Every structure is written in C-alpha cells, then in structure tokens.
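Each structure below appears as structure tokens.
You will see two complexes here that share subunit A, one where it goes with subunit B and one where it goes with subunit C.
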Partner chain A sequence: MRRLTITVAFLTIFASLFGGMAAAYALGGYLESVWYTGASALSNLVILMLVFVMVIATLLTLAERKWSALMQNRVGPNRARIHLPGLSSRSLAGIPHIIADVVKMLTKESFTPKAANRFFYALAPILSFAPIFALFAIVPAGPTLPVFGHEVAMVVANPSFGLLYLFALASLAVFGTVLAGWASNNKFSLLGGIRACAQMISYEIALGLSLVGLMMAFASIQLAGDSGMMEQQAQYLWGIQLDGFDVGIPAWGILIQPVGFLLFFAAAFAETRRTPFDMTECESEIIGYFVEYSGMRFGMFMVAEFVEMIVFSAILTTLFLGGYHLPFGGQWFANLAFFKDYPWVYGATMGMVFWLKVLVLIYIQMNIRWTYVRFRYDQIQKLGWKILIPLGILNIFVTGALLLMDTSMRSLGLLGILEILLILILISSSPKSSLHKPIGQNEALPSHH
Partner chain B sequence: MAPLGFEPTPPNEDPLDSHLNIEPLIVNMGPSHPATHGTVRLRVALHGENIQDCDVEIGFLHRGFQKSCENVTWAQCLPYTDRLNYVSPMMNNFGFLSAVEKLLGLDIPERAKYIRVIGAELHRIHDHLTATAATSMEIGGFAVFLYAVEARELIMERVTELTGARLTTSYGRIGGLNRDLPEGWKDKVLQTLERIHLVANEVDGLLTRNRIFMDRMVGTGYLSLEDALDFGFTGPCLRASGMALDIRKAHPYWAYPHLDFDVPVFHACDNFDRYRVRMVEIHQSLRLIRQALEKLPDGPVLIDDWRFALPPQEAVLNTIEGTMAHFKLIMEGVQVPAGEVYHSTESANGELGWYLRSDGSGRPYKVHIRAPGFQLLSALSKMVKGKLLSDLIPTFDTINMVGGEVEQ
Partner chain C sequence: MSHSESHSESHSENPKSAYDFWERLYVPALIKGMAITTRHFLRNLWSERDDNTEVLERKTQSLMATVEYPEQRVPYPTGYRGKHRLVPREDGKPRCVACYMCATACPSQCIYIEAGEYAPSDTNTASRVIEKYPTVFMVDVLRCIVCGLCVEACPKDALRMDTSVHTSPELERKAFLYAKERLLAGEPTQHPNDPWRHRKSSDEPLHAHKEAHTRIGEDP
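For the complex of A and B:
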C-alpha cells in the first residue's frame, strides 16, 4: 500500500511535469503559427513563469511542511479539511492547507504601522518578489524544436548577456528586504534589513566569482542557444558509442567546476535567506525584517522565498547539472525514430528531466534547511569574505591555467573528479563526538580530566 | 531615549571637527519575545550589532509564592512548589519535603529514598532535554527540538502514571511519598530510558560535531570560574566552568550515597561546555535510574508516625486515634518545632536551597528559596556585554533560567 502510494505520487509528478511541458510546446507552436515568429516567448512567459514557477512555489509551502515533518518524526499538516461528503474525513495529504493558507493571506488585515513610510512599506514586498520572479526568464526548460512547422524555444528570452542579467536582477531583490526593514519603523525589522544588506553585499561577490570559471570553460555567458552554456554540457569529456548508445563522462558543470558548484550553491543559498543563512529572519532573535507585515504583503515575502529557491535551483541545474540533458544516452534518445515524427514528445520528456533535476535540488535545500542551525551575523560574513571569495578567486586562477594548457576541458574534468573524491573523503573521515554512548554503555565517564 | 539619528552639533564645537553623535539603539527583548521564555525583559543597548549594555528585568511572573506559603499549612505548600521550576516539578517537591524533614529531624523509609532519586533523575533528564531543545530551536535547529520533546513526552507519560499529573505532580509527603509505584511502571521506565538514550545520541549526532553549532557555542557566553563563583553559579553552569561541585556528591542525600555516578566537568566556561555537561548528565541520570530501579528495596514508602504522616484511611474511619490524627494534620498541619533550617538539593540547574523558619505552629513562618536560576540570570548581563546580539540567545538558553523559580 505504501509502495503503491509512493509510486502513484511519483507518477503524478512525472505526468504533470510532462503534461505541462507538452502544453507549453503546443501553445508555443500554435502561437507561432497564428501570430508572429517569436510569439512563443509569450506562451513561455505564461506557462513556464506563471504556471510552473508559481504552482511549484505554492506546492512547496506544503512540501516544506511535509518534508520537515518526515524529518522530524511528525505527521505533518493534516488538520485542514474540505467539508464535503466523502472528503471531510480525509486529510488529502495536506493539500487543503494550501487553500487555507491562501484564504488566510488574502482575507487578513493588511496592517500598516502608523509611523511607517507608507509608500516604501507598500513597495517593499513587490520589490523583493518581482526581480526574483523575472530571473527565470533566461532559464531554458527544454530544447528548441519544430512544432506545427515552427521553431519553438523553451525559454522566455535568450539575451547574449545571459549571466549578467542574472547578477543584475539577483542583486535587486535585496532592496525589497532593506526597504521593508527600514520602512516599517520597527527596531527589530531595521536590524533585519541591515543584516540583509550586509549579507547580500558579501554573497553577491561570491555568487559572481563562482561562475567565472564556468564562463571561461564554456567561453560563453549565454545560457540557452546552440553555443550557450547548457548546450555545451551535452558533449562528453570522454565518451564512447555502444551500438549507437552513447555513454561517457559528460561535460556537466558540476564535474568540471565542482568548487564553482559548491560556491554558487552556498552563495545562492545565502541569497534565498533560508536557514542556515536566515540572519535577516532569525525568528527567535529579531523576528525578521517583515515583522510588521501581515496578510498578502507578508505572503509576498514568503512566496518570494520559495520562488527564489526554485529559480536558483533552476539556474544551478542549467549551469551545473546539464539542464535538460541526460547524463548519458542523450544522443541515442534524441535520434529515436519515434521522436522524428513527434518532436514535442521529446521536448516534453526533456522538460520533465529538467524539472525533476530542479526538484531534487530543492529537496536537497530543504534537507539542509531543516538540519542545520543558523550562522551568526559575523560568521556569515567571515564565510563570505574569508572563505567563499578567496576560494572563488583561486578557482578562477586554477581554471584559467588548466584551460591554457588544454582547451578541451578534459584536464578540468580530471581535476574536478579528483576534487569531488577529496571532498567525499573529507566528509567521511570527520571524527565522531565523544559524548556519543553506545546503547547499554552509559557507564563511567572517561577520565580525561 | 532619542531614536538613532544625527544629534545637532553643540554650538561651541567647530562643525568641521565635530563627531557624529552616535546613540545606542535600545531594543526591548521581552517580556513577550520568542527567545525570552520565562517572561523576562531584556533591555539591550546596541551599538550596531554589539551589545553595549543589557539590563535584565524580572518580575513578570511573580506570584507571591513566599507569602502564599505563610498562609497555608506545611503540607499545603507542596502544590505551590510544583509551579516553581515548571520543567522539573518533582525536584522542587522533594527538595521542599527534604528541608521540612530536616527541620523535623525525620528519616524517611529506604524505598521512598530510592523513588525520590528515580523521580528527581527523570526530571533532571526532562529539564536537560528541554534546555538543549530550546537552545537548538532558538539558533535554528528545529529538528533537535522535536526529537528532544518527543523523548520528554515519554517522561511526561511516566510521570503522569506515577503522580497523576504531567506538571502539577505534588508527589511526596512529609515523611515519604503519597503512593507507591504503579503496577508495571518499572518496565515502562526501562523502555523509556532506552528511547531517551537513542534520542540523546541522535541529538548529539546532530549538534555536537556540527560546525555551525560549534561556531555559535564555542567561546560564546564566557564567564570565568572566578566570576562564576562570585555570582554564585551552581549546577551544570558551574561544572562547565571547571568546578566539580555537585551536592549529590558533596552532601549526599536520599539514596545517592548507595548509587554509582560520575560528575562531568568541562573547563571552557562557555555555552558549548554547558551544553556538553547537560548531554553527559543525561547519560549519568540514565545510569542512576537503572541502578535505583535495580536496587529498589521493598517496604513502606511513608513513615508510620501519625504526627507527621496521614494515617491510612482504614484507621481514620475505624479508630478514634486515626480520626484525631487526620483532623489535626488537616486542620492544624504538621507541628514543626520552632527553628530554622537551610537545606539544599541538586536540582537540574544547580543548588536548589530552602531556607525555612518555623514558629512552632502548623504554618511556615518564612519560606525562602535559593533558586539556581536567579544567580545565573544575574550574570547574564556580564556574559553578553560587548558581544553580538546573536550571542545573547544561546547564552540565555544555556543558563536555562526558569521564570517560575527565579521570581517565586
């Protein structure tokens, strides 16, 4: 029964991702044929950004509770019920909680403190939400394919300055946080706003530096497109053909730039301002920069956090995990005869692969968020300035030197795999706590005094 | 206090040479603030993120414990003691009873002594788990909080089976205990101990070698041994400052002399060592309870002296002596001879001392508590001054003051 439930749940996820992507392709092709060339960008805007990102963000509010409940030996949300015959006795996996949440957010009083700066107070939630949301525009969610005789690209925009757009918009989001902290005229939120400001400044640099190595390796800052950073990850560092089935070590960002991956992951995590980087919130200490907000304005901050998580996961996937590409067998899969006739099925499958990778990354982020305790204000700065930034610069030099010797990225890949092995060894060799007592052995203390 | 901002330059100062007048940011943490559980108000003067000054203000939970005790009989004080340290009520019960018994010169039955040890150690684990859980939760580790609270819940259930209440235990009477262990309780406790052992190891695995946790705890909330002694630290906080003072060893009481346990000592005087002392003490308490359950002698749990202990109902209903003793005990209270006494037991947070004074009537003339949390809390200001605001939270948690006993 349990296995069946899990299987059904996973199949539902696969099917809805596949269906969503198929709809995106179909709508894009339709718009291209009835309107003008390039009109599919509009359908992508609606389906990828509004439907996919927003629906996943909404579901994440539930997933966060459910996953944290799994990790903490709890049942999780199950109290909200739909009072209809046959439904009132079922918890429906907690899904009514989403509805309850939305209704609560929308109907609560949107309180404004008397001494607050009304304009900035109202502006802040929008400022923290919009830039993050707009970030997703440059992320390709599927291959460019002919649908109804027209080329449909699964990306809203593919500017040649791709990553610069990312850096520019990612740093805008902090304005919302800082303004919210300042405009609410509350000392706690002011502290939160100042912390956010300091944190963003230190991590913005690490965020940029961590990607320089990757830009050099791929000689591009464009994400989508034939020479874009994602397409280049489809090639193999070392690959062979087995009866037309291709296997090998792909040129994924995580293999050629593992340090860059870790740095970007840490910096992006810090940008999302979730534990262990939630200095701005610190609910037991300063309660957070949004302490005065209520209703949907608070909801915007909350959703922005989830959207940020999705967008950064999507960017990580695109840059480091090969985007929608399979780790092996990609060429064999693309050349299947069936897909020649139905290219949109291929596109939707690849889109599903992309979203699954995003979900895995989100899952990892949730695990981290519910496992660790948070940093202190100065420790977070130390991590940013003294560890991440020097490591990022070192990574740039090493990458540059290796690329000078060997432009094929193979030496980079070799170094990357060695680095990954080293990290694994370091993790597995960390010492155990001396307080740990095997069962039945809580006897005399060791005499180490 | 004026808000943060630029003060007008004093007229006699050259505007080109003048300095910015920086005023501290006064932040009120509490009395209702997520971190100041126990309803304490911390008035913190901040310079940026640094604490310039911290003014600890208590009194929000004051319930007039001492005065209330003067108006009731000695036995009726017992329910008030439940509410002192509401995380380990049985320790307060037994501490108070021990003090009264000392004033009376009573010796309680051997079995009662062992059961008092079991109850007190269960609540020591309970208290330490709560302190560790709260510490972890307030620096962001919510999982540890729920694990520890799950184990705590098991103790609560055992306590409920033993006393009939989760918090308001009122267990024990002058001269022993009001009831014996319930049927099958021993085995349930042993199973609970196994579970607590697992949880303690799990908490240890999540926190002790966790780099972020260590960064937050190691070296923060430092108070030297000298200062700790000056402030009157006792219990886990003193043992984390390098002094092996434990009243269970220094002045053994109840069944502790017959039981084998160690007193953990750490020397760094910081939050991390306070946490470590608590974690080790959980294991030592498990060891103590196992021993006590094993060695538990048979026999009565209450002395058979009707001047101090209520006669059995049989005797009350059928004999004139029993009826009279019951009437006298209920209406007039135990006749405690005039005099004064100080008696202390090792509670979860340190020395829980009782100063009792009797004028020879059935009611206390004076009941004063030396609550361990009071001395710990008074040092908080010194511990956090000059440190970061974020250090205040774990420091406040590891000293584990409990509002109920501090404010009485």
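For the complex of A and C:
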C-alpha cells in the first residue's frame, strides 16, 4: 500500500513536470503567434520562474522537514489536518502544513525593532531574495522548438555574458544577508552578518575559479543557444551509432571537469549558507542574521534559501549534467517520427528530464545538509582559501594545458574519467573497520602510577 | 605488515591524531556518510510503517520508532500506579473505614480525611458493623508523588492506584483536589473476612461470632 502510494506520488511528480513544461511551450507558442517575436520570454518568466521555481521552493519547505525525518527514522510533520469528511483522519503526507505555514507567515506581526534602521531592515529580505531569484533567468529548461510555427526557446534570457551575470547576481546576495545582520541592531544578528560576509566573499572566488575551466573547454560563457554551454554537452567525446541509436561518453561538464564540479558544488553550497556551511545561522547559538525578523519578512529569507538551492541545482545541471540532454540516445530520441509531428511533446519530455536532474541535485543537497555537522569558522576559511582556491587555480592550469594539446576535449574527458575512477577506488578500498571504530579507542589510558 | 599494525604504531608515537589515513582523506568518509543517510531514507520511504505500540516488536523494514501519542498509546505495564480510587463495597459505599493509615503514611501529605461515625440507628446492616467512615476523603494530586505508600498502608484494601489512568489536565488548581465522589470508582470488591458479610446459614454478620468485633455501645 505504501509502495503504491509512493509510486503514485513519483508518477504525479513526473506528470506535473511534464504538464508544466507542455504548458510552458504551448503558452510560449501562443504568445509568439499573437504578440511579437520573443514574447515567449514573458511566458517563460511566468511559468519557469514564478510557477516552477516558486512551487518547488514551497514544496521544499515541507520536503526539507519530511526528508530529514525519513533520514533520522522519524515520521515528520503530520499533525496539520484538513477538517473535511474523509480527510480529517489523513495526514496527506504533511501537505496541509504548507498551507498552515503560509497562513502563519502572512498573518504574523512583522515586527521592527525600535533601534533598527527601518529602511535597510525592510530592504534586506528583498535584497537577499531578488538576486537569487533573478539568477534563474539565464537557465534553459528545455530545447528550442517550433510551436504553432514559431521558435520557442525555453529560457527567459540568453545574454552573451551568461556566466558573468551569474557571478554578478550571486555576489549581490551577500548584501541582503549583511544588511539584515547590521540593520536589525542586534549583536547576534550582526555576528551572523559578519560571518556571512566573510564566508560568502571567500567562496565567491572559488565559485568563479571553478567555472573557468569549463569556460575554456566550451569556449563560451553563454548558457543557452546553439553554441551555448548546454548545447555543447549534447556532443559525444567518444560515440558510436548502433542502428541509429547513439551511444557514447557525452561531453558533460562533470566528465570533463570533475574537479570543477566538486569545487562549484562546494562553493555554491557555501553560498546557500546551509549546513555544513551555516556559520551565518548557527541555529543552536546565534540564530543568525535574521534573528529579529518575523512574519513574512522572515519568510522571505526562508524561501530565498530554498530558491537558492533550486537555482544552484539548476545551474549545476545546466553546466555539469548536460541540462536537459540524455546521457545517451539523445539524437535517436529527438529524431523519432512522433516527435517530428508533435515537437512540444519532445520539449516537455526533455524539460521533465531537466527538472528531474534538478530534483536529484536538490536531494543530494538535502542529504548533505542532514548528514554532516557544521564546520568551525576557521575550518570554513581554511577550506575556502587553502583548498578550494588553490585547487581551482590548479584546475585552470591543467585544463588549459590539456586544451592546448587537444582542442576536442577528449584528453580532458580522459583525465576527468580517471579522476572519477580514483575517487571511486578510494571509496571502495577504504577499510570499513576504521570508520566504525570509536574515536580514541587506541589511545592509552592515562596511568596514575 | 598489515594496515592496522602500522596504524596502532603511529598512535603510540602521536596520540593526538585519532584518525587514520583513510579518515583523513575525508572525501570517502563523507560519501559513506551520505550513503548511510540515503539508506535510512530509502528504507523508511519504501517500507510500510508498523504502528505496533510495542516498538521492539515491530516487524517491517522501517526504522521509525514513533508512537503517534494521542491516537496510539503504549499500554502501561502491570503494576503501573495510576490515578487513585476509593474501592467501593457491594452497596456502593467506600470500603474505607477512615483509619488515617494512608494519610499518615503519605510522605507528601496529600491525603485529607475527616472521619464520621455511623449512627447506631443506621438500618444498613453492612454499615452498622463498622464504626467509622470518611465524610471527607480528598487527595491533592498536585502534591501526590505517586509513591503508592497509601495503597501499601491501607488495611482494608480501600485505596488503590490500579486505574491505569494518569492525572488528567485541568484548567483550575482547585480541580486537582479529588473529592470522595470522584475517587469512588471501579469494580466493587469484597473479601471473605469483611465484617459485614454473613455466613451462608446465618443472618448475623460474620463478626458477630467474634467478641472483638462487637460494636461498642451495642447490645450483644
């Protein structure tokens, strides 16, 4: 029974992702035909950012609690009930909690401390939410397809300075955090703000350096578009055709730049300020830069955190996991006769693939957040400055040298696969006993004689 | 030379490093940690939840140990000391003879008794054979430490804590003073040596056959 429920839930997720993307294509094509060329950007703005990102962020507020409960052998929130006949005895997987939380956030008093700087106090939640939200504009969620006779690109904007936009807006997010810490005129929030400032600025560098290798490999900083970074990942490093079915090792970012992937993942995780990088919050000690906030202003900070997770997962997917592309069989799939007649079905399927990759990455982020303990402040700085940044610089040099030898990215891919294999060997060969031994077991007991 | 030997050697030289080489590599340990969390996640997600209130006897793969409290309750163990009750006789009156043994034994002094005497004219034969009864029997459950010494002290099996019900929440402090009417509950109990009982062939109460139990002032 439970397995059936969960299978149905998974199918519902697939179906709603498919349906949402199909609606995005249909609306885009309709707007293109009745309004002006490029009007689909507006429908993408509404459907991709306001519907997809915001709905997933809302659901994540519950998923975070429910998933963490499953990881910790708990049941999770299930007390909120809808008091209608037949529903009052069901927890509905905790979904009513979302409604309850929204109502609570909206109706609670939004308190401003007397000594706070009112203007910056009100500005901070907006500043921490808006740039992160706007980041999603450059992420393509599906292929460019003709719908109703017009080309519909599944991206809000495709500027030629794509990654620079990403770095610029990602670094703006620190202002919201620091302002919130400073403007609420509270010692603890100020501590949180200062920590956020130090942490985010040091990881900004690693964030930038980690993508330089990828920029060199793809010779582009544009995300979408024919020569964009996502489309280039559709090609194969080594590929063969089996009766029209293409198999091979794709030129995905994670294969040609595994170090870059790890660095970007770590740096992006630090940018989201979640455990193990939650120096800014430290729930158990200083509560964080938003300690004075209540009501929907606090809700903005909370939603910003989840939106940040989604956006960084989407960017990771776009840059390193091939976006909406399948690992193999992509060309065969695109050339199916059915999809020639109904291109929007192809687009919606690919969009579903994209969002599924995003969801997997979100799960990994949740998993990390609920597995590891918080870094100490000096450990965070040490990781940022002494490990991530030197590794990033090294990665740039190695990538550059290999690209000079071989512009087809094959030697880069070979090195990447070797690196991944090395990590796998390290994992599988580490002795199990050493991980299960209590710390300090081998230490001699202090002798009194 | 095996790995563990070199490991323990390095420990005796440098006791500060409690971690061996594999742990200091960090990344394998991190990924193993994530694998453990994911295993718990999938196990709890996929398997049916057994809501047996005996948590240790749960059968399914799910590792959840939750008992959903207000709907499900863990049965109390036998011998659980619950809310007090005054044990009634067959005729509905308390078995209590107002001897003050429980109030004396009580370490938190939460029992208050006022004794009354049955009038000689009382027509109830069961009442006539005993002298005293409580006019007021009050337990302050806020003071009670649920030690059960009152139950141990009672010579008449008139006070028990076998209800398996814990003190219910109240809105007023006054409501925690349980009066006689509230305490008098449960199955009526009688014992073979209860003085108001009769021999099968006799109309006289049992105690009439013993001098010691004769009521003072009553004609023999």
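Keep this in mind: the second predicted complex is superposed on the first by the 427 of 449 C-alpha atoms of A that agree within 3 Å, B and C clash if a C-alpha of one lies under 4 Å from a C-alpha of the other, contacts with A are read in each partner's own complex, and residues count from 1 in each chain.
Heads up, the rule we're going with is that a residue touches a chain if its C-beta (ideal position, glycine included) is under 8 Å from a C-beta of that chain, and two chains touch if they have at least 3 such contacts.
Being a predicted model, the structure only gives us computed values, none of them experimental.
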First, second, both or neither for A:S88, with subunit B first and subunit C second: neither
Which superposed partner A:T37 touches (first subunit B, second subunit C, both, neither): neither
Contacts of A:T107 with subunit B and subunit C, given as first, second, both or neither: neither
First (subunit B), second (subunit C), both or neither touched by A:I368: second
First (subunit B), second (subunit C), both or neither touched by A:I6: second
Contacts of A:I427 with subunit B and subunit C, given as first, second, both or neither: second
Which of subunit B and subunit C A:W67 touches, first, second, both or neither: second
Which of subunit B and subunit C A:E283 touches, first, second, both or neither: first
Subunit B versus subunit C as contact partner of A:V75, first or second or both or neither: second
Shared subunit A surface residues [contacts with subunit B and with subunit C]: 71-74, 370-372, 430-431, 433, 435, 439, 442-444
In the complex, subunit C residues that touch subunit A: 3-4, 7-8, 11-12, 15, 18-20, 22-23, 25, 27-34, 36-38, 40-41, 44-49, 63-66, 68
Residues of subunit A defined as touching subunit C within the complex: 1-3, 6, 67, 70-75, 364, 367-368, 370-372, 423, 426-427, 430-431, 433-435, 439-440, 442-444
Interfacial residue positions of subunit A with respect to subunit B in the complex: 68, 71-74, 187-188, 191, 195, 275-276, 278, 282-287, 370-379, 430-433, 435-437, 439, 442-445, 449
Residue ranges of subunit B touching subunit A (in the complex, touch as defined): 25-27, 34-35, 46, 49, 136-143, 146-147, 150, 194, 197-198, 200-201, 204-210, 212-213, 215-216, 262, 264-265, 267, 276, 279-280, 283-284, 286-287, 388-393
